[in-house]
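The same chain A turns up in both complexes below, where it pairs with chain B and then with chain C.
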Partner chain A sequence: MHDFSKLQEAVLAGNSAAAVAAARQALSEGADPLDLVLHGISPAMAEVGRLFEAGDYFVPELLISARATKEVFVLIRPLLAKQGAQPTGRVVLGTVQGDLHDIGKNLVAALLEGGGFEVIDLGVSVSPEKFIAAVADKKAQIVGLSALLTTTLPAMKTTLDAFRSAGLRDRVKVMIGGAPVTQSFADTIGADGYGENAASAVQLARRLVGV
Partner chain B sequence: MHALLRDLLPGPVITDGAWGTQLQAQGLAAGECPDGWNLTQPARVETVARAYVEAGSQVILTNTFGANRLRLAAHGLGNQAAGINRAGAQISRRAAGSRARVFASIGPTGKMLALGETNEAELREVFAEQANALAAEGVDALLLETFSDLGEIRPALAAAKATGLPVVVSLVFDSGPARDRTMMGTTPEQAVAALVEAGADALGANCGRGIEGYIPICRRLRAATDRPLWIKPNAGLPEVVDGRAVYRTSPEQFAARVPDLIAAGATFVGGCCGSSPAFIAAMIRRLASGGRK
Partner chain C sequence: MNSDDPLATESFQQLVVEPRLPEVLRFLGYPKGVFPPDPMKQSIEQVLTRALPGLEPRGTFSIYAVRAHTRRSLALGSETIAGNIGEFLHGASRVAVLVVTAGRGITELSTEAWGAGDSLAGWAFDAIGSWAAEAAADALTQQISSHLGADEGLTLRYSPGYCGMDLSQQRTIFGLTRPGSIGVSLLPSLLMQPMKSVSGLVGLGPRELVGVNLSPCDRCLQIGCHMRR
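Entry: the complex of A and B
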C-alpha cells in the first residue's frame, strides 16, 4: 500500500496545491487511484470532520479542506472513470420549498464532493416534484433535504410524503439537516438519517450507501 | 462615544423582540419575503412595531433584516432594496413617535465569501445601498445583526459608518463545543478586538441558543471592552411538536435571567427568535420590581 501521509497532511491543512502535488506524485509512483481515494482522501476528510465536531476546526477550515479534496478529484476523476470506478454515491441536495437559505446546504455539498460523492445541487426552495424528478433522472441513491427556518420544517415531511405517493420512497435514502432539525424530528417524519452538522452529513451519507 | 448613543446610556435599555413570528401572526406565509411587506402590507408591519412600543421597548428595530439586494433577489425584489428599506424605516419611526428610538436592522447576505459566492467589493456596494436608504429616513442608529463572518462584517460596517450614524454590530455565538464561538470560529474576545478596531460604536450578541448561554458571553465581552453591549438572545432552542417549532422558554423565565444579563454588563437587552411583546413586558416588570427573584 502506498503511503498517502503527505496527501493527508495537505488535505488537513487545506493546502490545495500541496494536495494536488502529493496526489500527482503518488500516481507517478504507481499508486492506484481508487486506493488514493479510499486510503488517502477519505480518512483525511474523516479526520477533518472529527476535528470539526471536536471544535478544533470551524467552517473556514472545513471549506479549505473540502476545496483541496475537490481539486484532487479533478485530477483523479478521469482515471477513476477509465477504471470503471463509480463515485462513492450520487446525492441530490436542496433546501426545501419555502426556504431560501443555502449556506448549510452548500457546506454539505462541498464536503460531500470532498468525500467522493457526485452532488446534484437543486438550489433553494425546491418543490417535492423537482426532488422526485432529479432523483429519478439522475438515479441518485440519496436525497438530502435542508431547512433553516422553523416554519419550513413541515415541507420536509411534505417532500417525504411525495416520495411515498410516487412509489419512490424505497428507492432512495433520505437524509435531512439544518438548524432546527433534530433526530426526533427525523424519526417522526421517517427520514433515514439526520446530520447535526455538515461534517456528520458526510459520515451519514457514507453509511447510507454502505461504504 | 457617539452623541446619539450617549443619550441612552448608561442603560439598561430595553429593546424589542422577534419580528418574523409576529409578522406570521399577521398573516405572512412561510417562505414569503418579510421585508417586501414594507411596501405591500405596511399597516401590518406597523402593528408589530407598535406592539413593541406599547410593551415598553425603548428601542425598536425595522423590518429590514433581509432587505439587502442579494437576499431580496431570491424573492425577485433585488431592484427594490432602496424602497423597501426606506419604507421599513418610515414604518418604525411612525410607530415609535417620540416614545422609542429606531435602530435599523441590517442582516447578512446569506452568501459566503469563503465559497466565492460574493466578494468584498460587492458587499460594500450592497450594504451601502441599504445603509444609505435607512439613514435617509432619519433612523437613530444602524444595527448589523446575526452576523457570523468578520469578513462580511468589515464591508458592512464600513458602509454603515459612512452614513455618520452610530453603528451596533451583533454576532451569533452558537458554535464549538462550548457554544461560545461564531460559525467561523471567532471568540467573543477576537470579535471585540476586530470590531473595536473597525470602529463599531457598540457590539454584542444575538440569536444563539438562549439567554442562559449568553450571560457568560456577555461577561467576556464586557471584560474585553467598555463599549455599550447589545444582547438579544433567543427564547431557548425550538422543539418540533407536530411539525411546528415551539419555543419552550416563557416570558417570565426569560425575564428572570435579565438581571443576570445586566449584571454581566449588558447595556441594551431584548429578545431574538421565539420572543414577543409579552417578553418585553415581562422584562420591564422584572426590572421595575428591582430584579427580585
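Entry: the complex of A and C
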C-alpha cells in the first residue's frame, strides 16, 4: 500500500498546495485514487475531526483542512468517476424560508465537501418548492436545513411537510441544524437527524447514507 | 411634549469601534487565551485589515421614563414590553431602547469570500461582523451613559430573544425607536437586516439599584455557548 503520510500531514496542516502536490505525486507513483481517499484523506479528516472534538483544533483549522481535502477531490474526482466510484453522497443544503443566516450552513457545506460529499448549496431563505425541485433534479440522498432563530424554525416543519405532500419524503434523508435546533425538535418534526456543529454534521451525513 | 414621547433620541452614523485581536479571535471560535500559531494568526490579521473599511457601525437610541413595571412587564412610552425584563430592570427610572448595526458591507465581504472558495476569510469576515455589532452596542451604551445624572448608573444590556424577553418583543422595540435612521429593518421573521445588528434595552437609575457587576450570561441557560463570558 502507498504511503500517504505526506498527504495526511498537509491535510492536517490545512496546506492546500502541499496536499494537492502530495496527491499528484502519489498518483504519479501509481497510487490508486480510491485508496488515496480511503487510506489517505479520510483518516486525515477523521483526525482533524478528533482534534476539533478534543479542543485542539478550532473552526479556522477545520476550514483550512477541509479546503485542502476539497482541492484534492477536485484533482481526483474525474479519476474516481472513470473507475465508476461515486461521491460519498449528494447533499442539498439551504437556510429555510424567511431566514437569512448563512454562515452555519456555509460551514456545514465546507466540511461536507471536505468529507467527499457533493454539495448543492441553495443559499438563504429557500422555499420548500426550491428544496423539492433541487432534490428531485440532482437526485440528492440528503437535504440539510439550517436556521438561526426560533421564529424561523417552523419553516423547517413546513419544508418537511412539503416533501411529504410531494411524495418525496421516503426518497431523501432530512438533517437539520442551527443554534435554536435541538434533537427533540428534530424528533418532533420527524427529521432523520440533527447535527450540533459542522463536524458532527459530516458524521451524521455519513451515517444517513450508510458509510 | 406628549408623556409617551421619549426624553431623548440620538442617532450615530459613525460609532467608533476598535478591533482587538483577542476579542475577534473569540468570535472565530478560539477559547479565551488561545492564540492560533502563525501562519493562521497572520491570515486572520490580514482579513481583519481588509475588514475594517467594510465596517459601518451605526446606532440609535431613545430614552423613556419608566411608566410602570411589574416583574413580567415594563411600560415605556405607548408600549408595554413583556417578559422577565420587568424584574431585570426594576431599579431603573428610565430605559434606553437601542438598535445598532455593523452595516451590510461586512456580510457582503463574507459572502464574496465564500463564493470565491476562501472559506477561512468568509468565516473570519463573518466573525468580525459579529464582533463589530457587539462593539457597536458597547459604543452606543457609552453614549447613553452621558445621559446619567449624578450617582446614577446603567444596568446590563438585555436583548429580545434572550431570557428577559421573547423575540416577539422585537416589534415593540422597533416601535419605540428609529432603526430606519441607521438603515436597519425588521423582517416578518423578526430577523433584523443587515444581519450584523443588535437590539436591546438598558436601564438608567440610581447606582445602588442598578450597578451590579453581573454578566448577562449569568442569566442565560446556553451553558455550552462558546461566547459565554
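Just so we're on the same page, the second predicted complex is superposed on the first by the 211 of 211 C-alpha atoms of A that agree within 3 Å, B and C clash if a C-alpha of one lies under 4 Å from a C-alpha of the other, contacts with A are read in each partner's own complex, and residues count from 1 in each chain.
Throughout what follows, contacts are C-beta pairs under 8 Å (C-beta built on N, C-alpha and C of every residue); 3 or more make two chains touch, one makes a residue touch a chain.
Every value quoted in this text rests on a predicted model; they were computed, and no experiment measured them.
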item	value
Three-chain arrangement built on chain A, chain B and chain C clash or fit	clash
Which of chain B and chain C A:208 touches, first, second, both or neither	neither
Partner chain in contact with A:184 - chain B first, chain C second, else both or neither	first
Touching partner for A:99 - first (chain B), second (chain C), both, neither	both
Partner chain in contact with A:151 - chain B first, chain C second, else both or neither	both
Touched partner set for A:110, first chain B, second chain C, both or neither	both
Partner chain(s) touched by A:59 [first = chain B, second = chain C, both, neither]	both
Chain A residues touched by each partner, larger count belonging to chain B or chain C	B
Residues of chain A that lie at the interface with chain B and also at the interface with chain C	55, 58-61, 63-64, 98-103, 106, 110, 149-152
Contact footprint of chain A on chain B as seen in their complex	24, 30-31, 71, 74-75, 110, 112, 114-115, 117, 175-178, 181, 183-185, 238-240, 243-245, 273
Chain A to chain C touching residues, read off their complex	14, 55, 58-61, 63-64, 66-67, 98-103, 106-107, 110, 148-152
Chain C residues within the chain A interface of the complex	28-31, 34, 36, 40, 43-44, 110-111, 114, 117, 119-120, 122-124, 126, 161, 167, 187-191, 193, 195
Residues on chain A engaged by chain B in the complex (per definition of touch)	54-55, 57-61, 63-64, 97-103, 106, 110, 124-125, 149-155, 157, 180, 182, 184-185, 188-189
